[in-house]
Structures are given as C-alpha cells and as structure tokens.
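Letters A, B, C, D, E, F, G and H name the chains as they come in the text, with residue numbers starting at 1 for each one.
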Amino acid sequence: MTEGQLREVLEQVRTGAMEVDRALDRVRHLPFEDLGFAKVDHHRALRHGMPEVVYGQGKTPEQIVSIAGRLLEHAQNVLITRASEEAAAVVTEQLPGAEWFPLSGAIRFWGDRTVRGKGTIAVVCAGTTDIPVAEEAQITAEVMGNRVDSIFDVGVAGIHRLMSNRERLASARVIVVCAGMEGALPSAVGGLVSCPVIGVPTSIGYGASFKGVAALLGMLTSCASNVCVVNIDNGFGAGYVASLINRE
Amino acid sequence: MTEGQLREVLEQVRTGAMEVDRALDRVRHLPFEDLGFAKVDHHRALRHGMPEVVYGQGKTPEQIVSIAGRLLEHAQNVLITRASEEAAAVVTEQLPGAEWFPLSGAIRFWGDRTVRGKGTIAVVCAGTTDIPVAEEAQITAEVMGNRVDSIFDVGVAGIHRLMSNRERLASARVIVVCAGMEGALPSAVGGLVSCPVIGVPTSIGYGASFKGVAALLGMLTSCASNVCVVNIDNGFGAGYVASLINRE
Amino acid sequence: MTEGQLREVLEQVRTGAMEVDRALDRVRHLPFEDLGFAKVDHHRALRHGMPEVVYGQGKTPEQIVSIAGRLLEHAQNVLITRASEEAAAVVTEQLPGAEWFPLSGAIRFWGDRTVRGKGTIAVVCAGTTDIPVAEEAQITAEVMGNRVDSIFDVGVAGIHRLMSNRERLASARVIVVCAGMEGALPSAVGGLVSCPVIGVPTSIGYGASFKGVAALLGMLTSCASNVCVVNIDNGFGAGYVASLINRE
Amino acid sequence: MTEGQLREVLEQVRTGAMEVDRALDRVRHLPFEDLGFAKVDHHRALRHGMPEVVYGQGKTPEQIVSIAGRLLEHAQNVLITRASEEAAAVVTEQLPGAEWFPLSGAIRFWGDRTVRGKGTIAVVCAGTTDIPVAEEAQITAEVMGNRVDSIFDVGVAGIHRLMSNRERLASARVIVVCAGMEGALPSAVGGLVSCPVIGVPTSIGYGASFKGVAALLGMLTSCASNVCVVNIDNGFGAGYVASLINRE
Amino acid sequence: MTEGQLREVLEQVRTGAMEVDRALDRVRHLPFEDLGFAKVDHHRALRHGMPEVVYGQGKTPEQIVSIAGRLLEHAQNVLITRASEEAAAVVTEQLPGAEWFPLSGAIRFWGDRTVRGKGTIAVVCAGTTDIPVAEEAQITAEVMGNRVDSIFDVGVAGIHRLMSNRERLASARVIVVCAGMEGALPSAVGGLVSCPVIGVPTSIGYGASFKGVAALLGMLTSCASNVCVVNIDNGFGAGYVASLINRE
Amino acid sequence: MTEGQLREVLEQVRTGAMEVDRALDRVRHLPFEDLGFAKVDHHRALRHGMPEVVYGQGKTPEQIVSIAGRLLEHAQNVLITRASEEAAAVVTEQLPGAEWFPLSGAIRFWGDRTVRGKGTIAVVCAGTTDIPVAEEAQITAEVMGNRVDSIFDVGVAGIHRLMSNRERLASARVIVVCAGMEGALPSAVGGLVSCPVIGVPTSIGYGASFKGVAALLGMLTSCASNVCVVNIDNGFGAGYVASLINRE
Amino acid sequence: MTEGQLREVLEQVRTGAMEVDRALDRVRHLPFEDLGFAKVDHHRALRHGMPEVVYGQGKTPEQIVSIAGRLLEHAQNVLITRASEEAAAVVTEQLPGAEWFPLSGAIRFWGDRTVRGKGTIAVVCAGTTDIPVAEEAQITAEVMGNRVDSIFDVGVAGIHRLMSNRERLASARVIVVCAGMEGALPSAVGGLVSCPVIGVPTSIGYGASFKGVAALLGMLTSCASNVCVVNIDNGFGAGYVASLINRE
Amino acid sequence: MTEGQLREVLEQVRTGAMEVDRALDRVRHLPFEDLGFAKVDHHRALRHGMPEVVYGQGKTPEQIVSIAGRLLEHAQNVLITRASEEAAAVVTEQLPGAEWFPLSGAIRFWGDRTVRGKGTIAVVCAGTTDIPVAEEAQITAEVMGNRVDSIFDVGVAGIHRLMSNRERLASARVIVVCAGMEGALPSAVGGLVSCPVIGVPTSIGYGASFKGVAALLGMLTSCASNVCVVNIDNGFGAGYVASLINRE
C-alpha cells in the first residue's frame, strides 16, 4: 500500500464508499514498507549525492554489469568495491565512465562531483602494503563528495615523518588511518589532533599479526580517546563513516 | 626552552651576545614540546569546554581527590570514570560539586553547562544490564556540552520497541548504541538512520558471549555501513567520539 | 495510537471532522507498536499458558520481588532464573507460592499446571555436576506445560547406562541433553532416536574444557543430524525451545 | 544373529534340540545390532519417507555414483550434499532423475513427493551470499516432505524488508535463518514469531567475521529465547532438524 | 533381566511354559546392561585391585563422606581427588584410614598395597609449583599398585639436572612428566628414554602461558615420538593411564 | 671420543704414557655423545626391530630416496610418512621393496616382519574420511612388529556398530581411536574397555570443527580415565606410542 | 663424582689399584653434573655479581625467609619477585637489609652495588598503571649492577612527551619499554634509537586488551627492527636480558 | 629547513637582516625532520656499516631492482628479504654482486665485509625445516658485520646433540635459536649459556602447532631468564637485534 493507496482508502472512508471497520482492517495489514516508515530521515540533506554501492566480491562480471547498469539509470555516482580484474575489464568496456583502481579493486562512476563535505578528510597509511585499503577509503570518500588529503608514507617507527605532516593532519575534519602489523598509527595520529580518527586494521603482516587481529586489538585498545574502529580491511566503511561525519 | 627562551637566544644573536654556532646548537637541542609543536590545532574552537578526565580504576581515593582537586583549580568540568564506591564517598565529601553515578562509577563536576554540540546525541541500549555502559557514554557526552537523548529499552528481539523510537533516532546527529550478547542492535539502528552510529559492545552475557567478544565481532562485521566501534565497555570513548562528531 | 484511536481518526474522516491530508499525516506517524503490528501470531494457541520470565542475575532481591509481584497480578506462571540465595529468601518470604530450586537458582510460581505439550520432553545429563543446568531446563519445560522425564545418570563413557534408558529416550518427542567436558552425549543420544535433540554445553570441567567451549564445539560438530545447540549453561533456552517444539 | 536366527534358537530350545546352557551362551554373544536394539523407534511414523543422505565432500564421482545407485534401489528420495561440479556431471549422466543445484552443490532424487510436514518451514536469509546455505536447507526440507517458503532478501540493517514479510514468517511452523557477518537475523526473526527458529551461521564475510565465528557467537548469545543453532554453513542439519520438528 | 532371568525364559521355552513369540519379545526388550554386555573384559586381571575413585570437586564434605563410606564397604582402595581442606577434615575424622595430601587435595584409603605393576613408574616435574599435579599422579599410580619413582627437581633450562637423573628415567617402564610454562620437559625426557611418556600440562605460569595452554600445545607438538598427553592439571588421568600401561 | 678412545686414555694412564692431569682434562672435554651417555637404555630389548622413520613432508623425491637408501643399508624396516605422490613414484621405482599407501602418503619397507608386540593393537575410526590417519597409525604399528586389528566403521552416533565390535575391542591390549568432528569416539571406546586408549583428533570437518580443534578438546576432556591424546592427524605418533605400550 | 673423585680414579689406574675395565665402567656412569659439563661458561666475567633470584609467588612467607636466608649466606645480592605484602612484612622483619617495593612486590638485598654494566639501561613506560612492571625491570637491572634511567611518563598518544625525552633515550645502551593497551610504545621508541629495545606487554587494560594479549601481539609485529619481546608482565625477564646485553 | 637554512636565519638575525619576531616564527614552523631531530644517535659508531634493507614480499621484480639499484649507489651492503624466485632471477641478472639464497628468499649485496661485531653470533635450529628462518638470521647478521656460527642440527628431543655443541654455544656473545613445533630449544640453550638468547618461533608443524603459535607461546613462557622473542618466522629481526647486541 503506497501513500496513494492509503489516501484512496481515506477518501473512500470520507465518501462513505468504505466502512470504518474495513478501513481499519486494511490499514492494520498494509505492507509495512509502503508507508515509508522504514527510513525516516530528518536530515534528508545528508542523503543528497549519496552514491549507490555494489559489493563486487563473489559476483560474476555479468551480474556486476547488470546491477551497475541499472543503478546508473538513476544515479550519477556508483561505486563497485572488490571487483576482480576480469570483472573490471568487462565493466569498463560495457559501461562508459568507469574508473578502475586495480590496487583496491574498486570501480567508480563519478558523474556528480559536487563537494558536499564541510572540510577535508585525511586518509593516512604507513607503507605501500596498506595502500589498497587506504585507496578504497579515499575513493569512497571522494565519490561521496569530499575533498581527500592522502598521506601514504608515515609510520610509528619513523615518527619524524608523522611529525612533518602534523599540519596536514591538523587541517582535517576527520581522519582515516589504515595500518597493519601492530596497528599503532591511529593512536599516534589521535594524539596529535582533536578531530575524530577512524582506524582501519589491515590484514598486512605475518606470524603474530594473525591477518589483522593484532592491528584490530591495538586500535580497539588505543590510549587516544578520539579513535573508533571498523572491520579489518574495511576501507569502504571507514570512508563511508568519515563522509557522514564530514557532512554533518 | 619556552618561546620566551627562544626569543632570548635570538635577541642575543642579534646583539652579538651569542655566536651563531652556539645558538645553532642550543636550538637544535631544545626540548621538543616547549616549542608548541606537539598539538597544532587549527580547530581550536573544538577544544573549548573540553573536560579534564581522570581514569579512576586502580587509583586510591586519595590519589583521585588529589588529581581532581588540582584539575578543578583550572577546569570547570572534570570527569572521573570507573571510581569505586569508596573513592566516590571520599571525593564527594572533600570536593564540592561532585555528582556520583553508582551504576557506571562515574563522578562528574559540571560547572560549565554551555551546549556546544550542534545537534542531539542519542544513547541507546537494549536492557537494564547495559545501562552502566550507556550511562558512562551519556555522562561523557553531557559534560562535553551535548544534549543527550537516552533510549534505554530497545532490543533486536523486540523490534517494535525499536520502531516506536524511530523518530527520536532519526532526530539524532550521531548515535551511541551499547549492546551485549549478540551485539546486533547497532546494525538494526544503523539501518534506520543516515547518521554515524558508534557501537559499544558490553561484557554482559555468559557462555559464548565471552565477556563481550561476541558483541564486538558482531558490531565489527555489521552489515550497516554507518557503524564504527570502540572497545568493550568503553562508554567513555563512545561518548567522547560522539561529542567530537557533534561539534564539528 | 491504539486501535481505538485509529478508529477515531477514521470516524472523523468519515464524518468530515478531519481532512484526508491530516488523517494521512497522523496515520503515517502513529507509534508503531500501538497498531499491534509487532507480534503477528497465527499460532496464537501456542502462547496460551506461556509463563512470564525474569532473568534474576544481577538484579537485587527488591527488584526481583517488585517485578515478579507485578507479573503475578496477571500471570499464573512466573519463572525467575539464576536468582541468588539471598534473593530467593526474600522472594519466598514475600510472594506466596514460590518454589526455590537452589541448584539452578530458579524460583517458580506454577499456578496453572495444565499440560499443553503433546508428548514428553526428556531431559538428560551425564553426571551430578551437570544437574543444575538440566534442572533449569526441566523447570522451564514444566512451567510451560510439559511432562518431563529426567534421566540424570547416563554418560558416553558408560554406554550401557545410556542403552538401558533407550526406551525412555525413544518415548520422548524432543530431548534436551546437557553435557560438559567433551560434550559427546548429544551425539550418542541423537544416534539412538529420531526426534529433535537440543544440546546444552555446560561449563563443567577444567583445563581444556575452557568453561564449556570444548562441549560447545563438540555439539556443533556432532555427527548426528538431529542435534541443534544453545548457549553454554543455557538450560532455560533449551527448555524453552523444547516446549515450543512439543506444543506444535 | 537376525530375528530369524533368534527365533530358531528358541525353537530349538522348545523342541529340545538345543540345551538351555548353549542357548544362553549364544544369546549372550549374539551380534548386538542384529537384535534391532540400536534404534528403538516408537514414533516409527516419523521415519516414513526419510531420504537417504550421502555427504559428497571428499568422495570421488565414482564413489558417489556407486553409493547413490545402491541406495536408489530401495529409496525413492536420495540427497547428496556438497558434491563437486565434476561429480554432479557424472551423477546426472549415469543416474536418472537427478536434480543438480550448483549453488549448494546438492544433488537430489525426489521420487516420493508426499507432503508429511504438518505446516510450512520458512527458510530465510539476508543476501545473495548466504543463498547457497539456505538452498541446502530448503532442498533438505523439501526432500523430507515439507512445504518450504523461501524468503531470501531480508536483513537486520533493512528492517522494513523483514517487517514486510512478517505475515509469511508468522505462518511458518518452524523457521531456518541463515546469516553471515554479525549473524543478527535469527534474533530479529525470533522476536517476531513464537515458533522455533534454527540459526545457521554462514562463513560469509571477511576480517573479524572469522569465517562464520562472529555469526555463530551472535546466534548462540541471541536475546531471543526461541533460537537454537547448528554448525557454520550446516544448511543440511538445519533443514533436517526443522523437518523433524514439522513432522511431530 | 539378569542372566538368571534369561535362563528362566529359556527354561520356560524348553518346558513349553512360554511360547517362542513371547520369549522373542521379552529377549528383544530386556534391559541392556543386565546381560553383562556393557563391559566385556578379556583382560580381567587388569581390573584386580582397581581403586574406586571419587571426584571431590564441587561435592560437599557430607556427600564425599557418604559416597566414600559406601565404597569402603566393598573396596580396600579408594581415592578421592580435589577435595577441599574442609572436606578433608570431615573425611579424615569420620572414616578411618584416610591419608590427606593437602598439595593436590587427594584423600587416599590404601588398604590393599599389593604391587601389581610390572615395573616402575617415574613421575617427573620441573619445580615446586608443579608438585601438586605430580603428587596427584603419584598417589593415583601408587593406589593402583605401582612402584613410583618421583623426580621433582628437573627442568629444561637446567639440563644437567635432567641428565643426572638419566639412569632413574631409563629404569622406568612408563614416565609421567608434569610441566607448566613452555611444557618442554616431556620432549626432553622423551628424547632420553624409549618407554612411553605421558605429558601433563599444568596451569602454572602467567601471561602467555594462558593457564596451561602454552604447555598443552608444546606437549602436543612434541618432536619426541613417544609422548602422549592428557588434560591440563590432570595428574589423576596420567597416573591412571600409566598404571594401565604398567600392568599390561 | 668413543669407548675405544676412552679405554686408550685409561691404558695410557695405566702405563704412565699419559699424566693424570692431562687425562683429567681430556675426559672432561670429550665430546658428549661419544661416551654413549645420551640414550641409556635398560630395556634394550625394546629397541630391537625399531624401524627407521623419515618425515616426508617438505622433502624432495631425491632427498627421500637418498635418505631412505642410506637407512636401508642397515635397517630392514623403514617408514616414510607424508610422502607426495610424486615422491612415492620415484621411491618405488628406485628402491626395491617399497609399499605405497596413497591415502596416508606412507611408504613402507617391511623386511623384518617378526611380531614383537605381546598383544593386538586395535585401530578404530568412525568414517571414511578418518581412514588416512588411521591407516598411518596401522602401518606404523605393523612395521614396529605388532598385530593390528582395524575397525574402520564405528561412530558415536551409531552406537550399535560400536557395540557389535565390543569383543574385538576388548581383545586389544591398546587401542588407537581416530576421530574428527566432535571427537567423542575415544570416550565411548574408553568406557567399553580397560586398556589404554590413544585418541587421535583428525582435521576432518568444517565450521566449528576448526580443523581438528573441536575433536582435540573433546578428547582432552574425555570423561573416560583411560584416554590419552596425540596431536591432530598424528597417526604416526599414536601408532608409535601404542607399539611401545604393546612391547612392554 | 666430583673432579676430585675422577682424579682419584685416574690415580688408581695409574698406580694399578684399579683395572682399566672397572675405571671405564665408573667413568661411563658417573653422575653427569659432577663433571662440571653442564654450564660451560667462557664469559665467566659475566657471572660476577649475578644476584640470586627467588620467585615469590605461591610461596609462604616462611618458605621465602628460609630460602632467602640461605642464599644470603653466600650472596650479597638477592632479589625476591612477586612477594605478597604479608611475605614482605615477615622478610623485612627477619632478614636485615631488605628493601620492599610494594608496587611490584619485589624485595631486594643489594649488598654489592658495584656497577658492571657498560652503559645506561633506560626503563620506559606510558602511564601510572604500567609502573609496577617497569619497577620490576628497574630493580632487576639495578641489582645486576646497572645504572638505570627511568622514564615513566611517555606514551604514543602524547608523542611530544616521547620526543622531549629523545636525548635520554638516545643515551641508553639498551631500553626496556613496558606498555599495556595497544602496546605501541616499543615501536615508537624503536624508531627513535639504534640500540636494542625489549618490549614488555603489561596486562593493563580491559575488554579487547585481553589481559595483555593486544599489547603482546602489537610488540611482536612491531614495524621497528630493533624490538624483541618478553612475556606479559615479565619486568624481571626484561631487566635480566637488558643487563646481559649491557654487560657484554 | 636544513641545518644550513637554520644557520642562515641566525646569520640574518645577527646581521640584522631578519627581525627576531620573524625568525621566531620561521623556527617555530620549520619542517620537523629537517632539523635532524628524528634520529639523535649518540652511539653513531653503531650505524657504520649498517646495511640497507628491502622487504621483498609483495613487490614486483621491477620494483625490487629499482629500489635496490638506487640504494646500491650509496650503500655497499644491501639485503633483500623474502624475494620470490622470479624476482631473484631478475635482480641477479641486472644488479652485479647479488647472492641469492633460495631457502629463505634472501638476496644479499655484501660489498663491505668489515667485521664490526665484538664476538660471535651463534644461529641454532633443530631440523631441516627450520633452516630457511635460521638462514635469514645468519645472512642478516653477516651482512651487518658479524661472525656467525651456524649450528643447524640440534633439538630438545636429542639432547646429546645439544650437549655436544655446548662449547660452541658457550663461545657465542649472543645466540639466535629458531624452532617450530613446541619451541623448547631456546629454553634448553638458555639454560646452558649466560649470554642473551633470541628465540624465533617458526611456522613449521601441523595440527596443534597452529602455524607457530605453539612455539611462540613456548618461547614467551620460557623458564630460562635470558630468553627474549621475536615474531614467528622473523629470522631477519632476530639477526638484526643480535647484531645490535654484538656491536655494543
């Protein structure tokens, strides 16, 4: 029952075409979502320019093309995450406007480049191995309408590099920090700034890094109060939350 | 070496009272923090009204009184977390203005009640057992200058309660969700709103809840994109990050 | 908005006292649960005789008395689980009709003893140490209107005891099996019968039993196809699910 | 010693052809299972129409064909689970009547389609990635003589989808819920219905989902009392237990 | 149905007092254990002198006295493990002949001191903290009729102590080695002798010893082929298995 | 320094050709193992007929051929474990007398088939998937001079199969039980016999079996006192320890 | 057999009082350690001034007094770790010269204060809660003859404090860093200096710190190459290894 | 701002070309690292001859050649770790002087072979499977200017081999011990010597070795006080720390 249908019921009650009891019954059983109850958004402005997102992992190239094609009929910005190289080849060939980012496996359609974020989102990582995750965060934040400042070469064991970038860090409104191994970078960054820091543990490392668990635990137990955390390798989630914060 | 001392060195160089080589040497070795390098804050406004925080666990009542007393000479708002009942008795007796919250063990001095947050922070939890953690988040957010809307009686297994509060949830600018056991509430809340959601796993439960690990894993793997997470039972951290987001 | 209120809105539309647009708006925003959407139960018969349940752990004796007292105004059967001895003393003194089971910490008010289950529920455990959990399952099943057959002295390492009880096991419509240590009993029982078996790992044991984890994993990986599992020490949950099955 | 042989012994005792001592000795040592002691089934009706099941994983195509062929001589319904594509090709070629389900790897021979379940079994999952496990549960329940209602597109983060299906859920006599990631769906479903809910954690997810552990812990610690759990990815087990419940 | 009853049935068949069909039926349903099927022991010699064992943990002093008292009517050797000091006081007062071992919490009644083991069992541990577990193994082996050689002061980090005892180790027919921390002692002992070595991890240690897990994993992955393992702190089990080996 | 060399030193002291001080010094520094201190074996009989063992995993076919070839110059019985198919092809071609067991990857040279074990070793497993591990145990026990009785088709969920084999189990002097999934079989077997039982958890299973961890924990916490355990999939170790026990 | 006894044997051979065969036999079987083989120390200088160490945990005050008293007859420096307050009271009363450190539970007898370390050992920790572990490291290093520089107020989230101490850190020959929570401090310190850094994870923290596991994993996966690690809370071990390094 | 630039500022102040205020401002904001603050090394001698290190894993052959080529313009000693065979082929072809070590995947350029270590570093491992990790430690120590004594054939279960090498072990100034499985070798070695021992757990083993976790826990809980630990398989880190210790 859409709003139109509900209005019709009420109209029929008003005109006497439907009895109150029957109307009561119909309203009681009307399909839930059709009333628009599900997502009641007072900050509707927030949703403007939101990209459509497709989680590419485990989907065939054909499935991705089909879903993305349909979304592109209505949306200017579409983000496909974790697409295989094979899928990327098919998508970029069949759908115009696709950008392919091989490190993170992201494919981006970025038709509406309006900047909606109020400030800059910094995306920080320690070394080359964390870049795929950081790139996913960066691409997500950009397609959601944010200016992103990528700082991809700092680490806890080389604190001077971090200190050299303290001005850029301090300029950000929210910071995403991707780190594998001991995952200490969010704590160090968090201690330098006053804005929210979103830590993304990466699965980089070997032995006792346990595919990101060491980094995850490190970030959860950070001694900096302004750090929160998302799942291991979840660059997309970090970029998404950072965008929401930057839009508020 | 403070700024005053650095100025003096430069003055001496100017007047010739100190040679360049000696000045070079002194500048090179001057204590780092005195130059004000450490915390370069462009968003200085953010820091206005920030409370001083004392982690009470493991400190004697005397230590807490001494630290808090010193802080109160300069700060209007002081928050002591995880204080024992014994410590609370001593603090409230010796330091005027202390509020004691026995559930969470927090003690609050809230002299400056200026509201600085732009919107409301909702603090949500499922049942009575999660309230201590939710209370810590609420008190933290309040003492940091935020309006807080506490919704303490919703849960995933009683979805209608959650749905009844969808308006209040949708009115918030950021939401803190505390949940033990399976920790599914942040996902359900995250699906209803567009703002950032901060999940706080609580150590409530028994058996396979493993003192909050089940809830923690549940929140980290949430299927809602707008959820980030802090440490188990870390109501303070959630309230702190929520406050930073609400101030931006 | 209760059903009464919705009827009133419709009546006002009918009489023209309220315009359709305003009615539309009111219906859209009416509090969710009041429409009775939340729990749509076609098998309403199932709910007859359902006891009210209070989780006693972490509640003060006064809280328990207050909650239970209120429930007893409307319900004949009330079950309090995991109550402390102190709480039990207060409850049994102040509320007439309370039975106190010290092993499991359950307190039962069992006013309506109508049998609603179609068959017998067998509750099985291996040794004396598992009895508290088995007792919780038994009491739960009884207060929910089931005949319960308790078999408290069988174990995998003494297979003849199990075999001696094969008739009683085969007579049950659903079986709850509580076991600590290696948790193998549900597999053995499952192999002897065709009805559903609900395994309850108990936290009994030491060392590599890891407070019930060994038993939990054992039951989850059971080679018997008719075994499902509830949380460690969750006798209540097992008794509850068994009762639902036995009522169908 | 079959029943026939035992009768013969007794006959010989009766006729004096065998002495009591020798008979005693033979009875004492007769092979255990031949007496039919093992599976004493009072609910024999339950076993009518039970399919034969072959666990396909790790078996060669030839082994599967051989076992299934032998079973099909006596059984109308045979279910092969987790067969490889290669095995499926051989089986479908050599054994008439085979249906191949590539998502779950199941092969089904469904000669006897008598409905024996008393009501409907709902099989629910959140997204496309959980469908293979849900399919295994569905196929199992069908081949065991049940009507199955598949609801494959609901999730905790999109609660309106769940609510839209509340009528179908409420119509079921038992519900199987498959979910990966945080595994919260069984709790949400459990809160909407009064019938038993069987949770199946799936190994879908990455990072802190730990191949289904997050979902498993979430389901075990569910705050809904009517939820029980089977092993990760064990769609077969869930369908099997659901069928037993639906037959009672 | 005891052997006597079965004989009676057969007699009645012989005399014609019972029909074959009825006899068939009665034999089929006779209680399993009464036929003596359960424990068919060809090595009956093994069982001579076996002590009765009571697991004391979690039992009240009264329960222990009652059980042990009953056992002592028929058995000369009774072993109570993990009894509390309070229980020990009651037992030793009320039951004559009790020896109390406070380190391990064992109480022993050792009336029949016949030596039945063919050789010596060596019980080895590294330091004073492992002695309670080693003592439990020693007392168990003694009460089961073995000569025990206790070597309580060797460790991997002081290899010369181990080497000094190589003669005593080489004289044993089976060796029990108790070790906490890294649990390396069974490997070192196993490399010095040719007989079976039973490793008992102890829960001694802190930090990464994880209450015996480090020792347990170390023993399970021992590079010595003649090492097998029992549960953490299970001195009784090790002494029991060692006794069985020594009796063969 | 061999025994011969030590004798020579002593002779030289006797004849005065070497001074006591120099002799003292030489003896003090003589290479440790040459004195034969390392393995002091009073039960030398035990070592007769011991096979040489090569751990094949990670070795090239050439390495295996080279090592085995050298060993075969002095030993009649050589066992190679965990050899790849490729390695087996090379070994069986180049070294006469090799038997290749593809399930377990073992290669056996069994020149001396003298039976040295005093009784029979039973090797038990539940299903086809556990056979590779059971086979490794069987081959090891055979090549070490034991009669082996393999019982490869019993399981806890089909207790009658186990009971049917109770005579064969009771005839064994030591039993090796291989089981994956919940690992309950050693407990059930242990309850039927009085001899030592060696449990071998296998890595068979999925989900919560965690590659053998569930079975391992189950065996370690067995409620049968006569069970000890070796590493996951360590059929060789179980066969080895069983052989030592059977030789004593 | 001491060196004296071996000399006597050789003398008897020389004089003909003992035959070579008998001498050979006696030498072969002489007790291992008496030959001084065990600890062959070329760097004997290292051992000068080594303190005797008593692990106090789990020992009674009387045991500690007795052991320490005996050691003090021969040693000037004795260190007792993890002594209870009760034990400390007894020890300090009965043994002159005892220093009691209540934070770490150490008791020190420091008669010989010769400095043997070549440089300074820095002991670093982040906050007040880590001080007990740091204190244990400091006391150990001091009693082993080292100059110790304690820096107890630096942390990763307040990097300027760390930078302010860079001179003191750079002056050390080896650094012990104690840290709980995320355990990132050793990485940060390791990046500032070229000397070896020994990380000590502390059990400080809650929730996902898992009693030091987060810190332990963080240190093991440190991105600084000059970091090695000891057990959780093992301040003694860190101070010991640091002392060995500083003596070389 | 380099030292040169800072000098220029001071000179300009001296000559009056720059005002004190402006100078103050420039000094305050000068880029951090340019002042050389980051790595303040009083033991500069330590850094002479330090090799440049490239972590090869995850880098393309071209990337490695490019990085190594650039480093070789200034450095005589360059170490590439964990290079693939393919990368090694390209590097050795294009860059003269490369040594390729296939076991560990290391590539070494060792132009400056000056010995800077004061003593010998012993690198010890138990068996052939640990050699890759030991080799990485050896190559690292050598290229950092140390004499290395490799002892690759000792193990805890064959203690005589260890004892035979006690002289070589005692001659070392620091010892690296690589061990998989139970990881007991560092304890045994640590008990024989007085110098620091660095344990490297290797991921060798199966089942309960959990890819090096058993060995890691074993080493962390070593009963020898002179043992510290690095990450699983981190031969490079062990060789690096050992070199630092040997240089002091």
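In this text, a residue touches a chain if its C-beta (ideal position, glycine included) is under 8 Å from a C-beta of that chain, and two chains touch if they have at least 3 such contacts.
On a predicted model such as this, the values are computed, not experimentally measured, just so you know.
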From the centre of chain E, which chain's CA centre is farthest?
-> A
In angstrom, rounded to a whole number, how far apart do the mean CA points of chain G and chain H lie?
-> 24
Between the Cα centroids of chain F and chain G the separation in whole angstrom comes to 40
Whole-Å distance, C-alpha centre of chain A to that of chain G, is 50
Multi-chain contacts in chain F, i.e. residues touching at least two other chains, fall at 32, 37-39, 158-159, 163, 166-167, 192, 207-209, 216, 220-221, 231-232
Which chain pairs touch, all of them | A-B, A-C, A-D, A-G, A-H, B-C, B-D, B-G, B-H, C-D, C-E, C-F, D-E, D-F, E-F, E-G, E-H, F-G, F-H, G-H
Counting only contacts in the complex, chain G reaches chain A at residues 126-127, 155-159, 162-163, 181-184, 187-188, 190-192, 205, 207-210, 213-224
Would you pull the chain F residues touching chain D in the complex into a rising list?
-> 128-129, 158-161, 163-164, 166-167, 206-209
Residue ranges of chain E touching chain C (in the complex, touch as defined) = 29, 31-33, 37-39, 57-59, 201, 203, 212, 216, 231-234
The answer for chain C against chain D in the complex is residues 37-43, 46-47, 53, 118-119, 163, 166-167, 170-171, 173-174, 192-196, 198, 216, 220-221, 225-232, 236-238, 240-241, 244-246, 248
The residues of chain E that touch chain D in their complex are 3, 6-7, 10-11, 13-14, 16, 20, 23-24, 27-28, 32, 35-37
